Amino acid sequence: MTLLVERLADGLTNGFVYALMALALVVVFRASSTVNFAQAEMALFTTYLAWWMTTKGASIWLALIAACIVGFIIGAVTERTLIRPMEKRGEMPTLLMLVALFTALNSIDGLIWGLDYHSMDGLFPGGIDDYISVAGARLYFEAIGVWVAAIVLLAVVFAAINKTRLGLRMRAAADNPTSAALSGINVGRIYTIGWGGAAVLGSIAGILIAPISAQQLSLATMFPVLIYGSAAAIIGGLNSLGGAVIGGLSLGLAESLLTGYVDLIGPQMHQTTALAVMVIVLLFRPTGLFGSRLEERV
Amino acid sequence: MSTLEVHGMSAGYGRAAVIHDIDLRVDPGQVVVILGANGAGKTTTMRALSGEVPVSGSITFGGRSIANLRPDQIARLGIRAVPQGRGTLTSLTVRENLLVGASCRADSEVEADIARWMDAFPALARRADQPAGTLSGGEQQMLALARALLGRPQLLLCDEPSLGLAPVIVRDLFSFLSTVNAETGTSLLLVEQNANLALNLASFVYLLEVGYIVESGPTSDFVNSDAIRRAYLGM
Amino acid sequence: MKKLRLLVPAALVPLVLASACGIDDSGDVAGSVNADGSFTVDTANCLDPAAATKEIGDTIKFGWSVALSGPVAATQVRVNNGLQARIDHYNEAESDIGGRAIDFTMKDDAYDPQKAKQNVTEFIERDNVDVLGAAGTGQLAAVADDQNDSCVPLLAGQVAAPQFRDAQTYPWTTTYLPSNTLEMELITQLVTSEAPDAKVGLVYAQSESGESYRTAFKEAAEKAGIEIVVEAPVTTPEEAASQVREAGADVVFNGSVGPDCLGVPEAIARAGIEPEMLIQVSACADAKSIYQAGGAATDGAVLMSWAKQPGSADLESDEAWQEYAAAVTAVGGDPNDNYTIMGWTMMDIVIDSLRTADKDGLTRENIINAARTQTFHPELFLDGIDWSMEPETSLGIAEMQPLRWNAAEGRFDPLGDVLTVSK
Amino acid sequence: MPASSMTDGAPRTRIPGVPSGQRRHVAVMVLVIALLLLGSQAPVYRVSQLTAVFIFALAIMGLNLVAGYGGMLSLGHSAILGVGGYTTAILINDARLTPLSTIPVAVVLGVLAGALIGLPASRVKGIYLALVTLAFAVSFPEFLKRFDGLTGGAGGLIVRSRDLVPPPWSGFTRAERGEWMYWLAAAALLLGFALVRSLTSSRRGLAIRALRDHEVAAVACGVSAARDRVTLFAISGGITAGAGALYAMYLGALSPESSFTVFTSIQLITGLIIGGVATSLGPVIGGFAVVFIPAVTTELTNGQAYGLVFGVILAAVVFLMPSGIAGWLNGLPKALSVHRHRGTKHDPERHDGG
């Protein structure tokens, strides 16, 4: 029982982080019909920035705000300078731009902050005694904090997208850019904001995961999150916001339970497990579980 | 005073121009129709005016040049287009579609306008909270019209509103357009294949043939005119 | 398509014909062990035997292929500081190998075997280096054959894998890191003496090193009659800790490295386990980033060491340490870094080999002969522990001192005597 | 279809059976052999570097079939490269086969691996396909670790150089293994080149390009989209796995953590883009890029800047040379000659004016 609770809790913690990353990917996909391969590396950059600020004495919350601002700028500038010019050239050049950005950003992190891994203070108390006991399992505030933060963030995002004027514009631009533009919506600006917002989500995901990641904060911290996040986004449906969250949570839980309980899969194969689920879903439902139409340009 | 004035406008795709050296004018409150056969360049003309296609030549609206502005800039200046194919935002609800139409307005009368157009189109009111993708073709056309009107445009561009609709619905649509024009004073620029309907509504006509304006004049000049037949048959 | 159908078989036929016979398995003799236990390498197999026996000129060219970029470069750069500092110290203060200077070059292989091979080929063929170095099993695997065929000694390779210790297979290669087999055997000795009848929880990383620790520990535990109650992989430290707790282990061996050096002890503490003994591998020796950062979670953690640990009380009065610290500071490194200490001692050992070889004339042949039969006490090794190479086993480090982390004092304290491998 | 805009295939009007064309072929062959001879005389480390270039070029050539001619971006070719490499290494070490005889097996397994990775291509496209192939790339090292009895797990495999001696009939001695590998890799590259050329200029090849550029139309004309896509992946897999086999023979060491990760795929793609997508020379140029750019940046900066340089070059090429260096070279004569009026490079956009 204790083990089960612990595994569920672990799965949930990871699942929420995957959900945030998946949500960021979906927001970008809805804007530019591409999967932002550099999403995790943008997040890594801002997470490093936040960590660096804390080493200089800034509070982690101040660092979080700074990371979000810088994240927004990186996302927005990327959209304007690298992605928009590729719009007419299609999927492949866009992807390649993102691969280029991915490589370059990781390299820049290394150049600026070195190659060491760092332990980073979290937003929530992380001491050995900061836990509550549930069925013998210790649920640490760090993990619970991630859940709460993610839930709040998701609620804010969903409210913003479904209840605000900006959200309406974003949905309109994602649904039919031409109609949106003819209705007076500056679609380009909406995309820029979308990319920026996605990068903010990623930045927060990074600051949530880095303190509890097995990798700590290092150049390799965020890439696995991208893998799981994109698998979650695909499973949910690349243009479905709700699907991303469900995909992320179920992937986190499935990963924890399957690798824990199913011997055949074994511990070596946990990324493979997630990706196999993704491929199977895609083969049967090419648009994911909750995705609508497949982007098709003839 | 809103007046659309077009001089020497050419536009097309890539380097090949589809329409050449077009002159056009729409006065306040006026209903103008562009008639022409398939492939004459009607849709290109509309897309040029709404900013979707790069143009050369001069286009002014209310004295201000709008040539090569972005579609959203043109829309915000008061020209709204109802595109061919209706451009329904399928995953949004009917009500949200209408709100998108009003998304650039900061006044407090948006809800009143929505109520007004829903009154005019009860079908929209009945399905206000359903995804717009579930509407029938005729309902989507009305939604597109209502969405455009929610921008309170001074000029409405309608690209073949009758396309693919049953005759009875088309009649309703045109009578509605006439009401709108009368009640709000919105100018209309229509592109139509259905000449009879259009001529009933319009006060001024342009004939487009393979990219050129070949004739123009008040509607009365064109009733039973050979020119219209020629424009359609391309003779 | 027709053309295509013809092309494929036309290409395959000669290849299949060529395969008619299998591989000839007869091996070459690499060298011989003399009556006095020393080693004489056989230069007859060298691609250029003359180069192996030619006296080295005024400069000893030394090429290292290491990761300066990529994921493992973090720790590697810290090792490199030690290497560089030792070389600088030699060139500035010693220069006692026939007055020669050492020209030391590092090339980045980004932990990629293909780039390592490229680097070593350039070192051998273009730069004409006299001594080589490499780090990482895959990298050494990609270069060892070329390097042995060329008869350029590769000394103190930063590798723990045992296959490179065989003097008959790789006569021109020596490695520095103690084999995991040896370390695990010493750890089981410690467990037997300190916690007899312990139920051991084996935590291992799913990496090359992790798997190798796991295998070696299981073998050693079986010999020593120690019960392993669970083998928990570090999918996440939390998952591993949960499994250890469920199995009721009272001694935990953490066979993982890198961030898990700290991650696993923290997860163990957080899972509410208070093991009698938490044993870490020697690669997890970094006091600052692991033990100080770990707080209560790492208090009392045990590991094996052969080198002096930063933070020990007596370092202030240790002249060799002061010399080392000054040199490392000069290259911008941190003396209180175990990886830097390691780099320094590695180079210390190489320089000693060169010195010894110089007595018979500094040739590549004599260098490797000297390195294969070497007894030496690097100043930064713990007292009572020597570097001892003999051609039969090529262990180098055969003894270690168990240390226990004392969180209150912020240092490692010795735990019992120096342990030696049982013959 | 988007992919076409960056794959300016440089259409050439060639009239079959005209002798001048054949003479040109002979001239090109002579030139190639002369260049290869020249290369073989370079210093040993250079020859070794060129061997690596040829091997990567061959791997990229396989990738070019799907990503270039097929318009399907594959991030899974690192796994295929690994299948080839591991097949060769395991057959040499465990079955004691001669290195050469393992190549056909590696190619066949590569064909199967390619078909497997390409199977989803019959269902999903574009970005989705890229993610599916990414899944294979990420999973491959995990599979290697899972089945460590066969693959050596995370520690990898070593093939001893004495097992890699050139065959006696080749005339090369053990000491000349480097040169032997140089010629072997060059021969394999030429073979791959001929194969891709004959494939892409065949009717099927045209159909495949049609599929890439105008799927609906191509399917309407009787091209079987699903089957052709999978076939293309299979052939591509064979070629890249062949490169993998050579890689194992060249290097003598395989390491799952460093040689066959998704970053290798990214490297291959970068090479292809820089060289020129859907051009026949692109992969060769790409091979040079993949081997020499890191070599140069390492010399200049020693370390971490390598990724930055690679990223910047990739972005710059995508921006400035949409069809890569090969495409740029192809366009050069045209650009230098008199400007022709109608030769627009851009795809005509949809033309649906009313």
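Every chain is named by a letter (A, B, C and D) in the order it is written, and numbering of its residues begins at 1.
Heads up, the rule we're going with is that contacts are C-beta pairs under 8 Å (C-beta built on N, C-alpha and C of every residue); 3 or more make two chains touch, one makes a residue touch a chain.
If you're wondering where the values come from, they're calculated on a predicted model, not measured in any experiment.
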Would you mind telling me which chain pair, A-D or A-C, is linked by more contacting C-beta pairs?
A-D
Relative to chain C, chain with the most remote C-alpha centre:
B
Between chain A and chain D, what is the separation of their C-alpha centroids in Å?
32
Where the centres are mean C-alpha positions, what is the separation of chain A from chain C, in Å?
38
Counting only Cα atoms for the centres, state how far chain B is from chain D in Å.
52
List the centre-to-centre spacing of chain A and chain B in whole Å, with centres computed as mean CA coordinates.
42
Quick check: what residues of chain A touch more than one other chain, meaning two or more?
107, 110, 115, 268, 270
List, in ascending order, every residue of chain D touching at least 2 other chains.
145, 304-307
In the complex, chain D touches chain A at residues 1-3, 5-6, 67, 71, 73, 120, 123-124, 126-128, 130-132, 134-135, 138-139, 142-143, 145-146, 214-216, 266, 269-270, 273, 277, 304-308, 310-312, 314-315, 318-319, 322
Seen from chain C, its contact residues with chain A in the complex are 69, 71, 73-75, 77, 206, 233-239, 242-243, 245-246, 258-260, 262-263, 266, 269-272, 289, 293, 295-297
Quick one: in the complex, what on chain A touches chain B?
165, 168-169, 171-172, 175-176, 178-188, 292
Tell me, which parts of chain B touch chain A in their complex?
50-52, 70-73, 75-76, 80-81, 83, 87-92, 96, 99-101, 103-104, 147-148, 151
Mind pulling up the chain C residues that touch chain D in the complex?
1, 3-4, 7-8, 11-12, 15-16, 18-19, 21-23, 25, 27-28, 47, 68-69, 73, 106-108, 110-115, 117-118, 121-122, 124-126, 137-138, 141-142, 144-146, 149, 161, 163, 206-208, 210-212
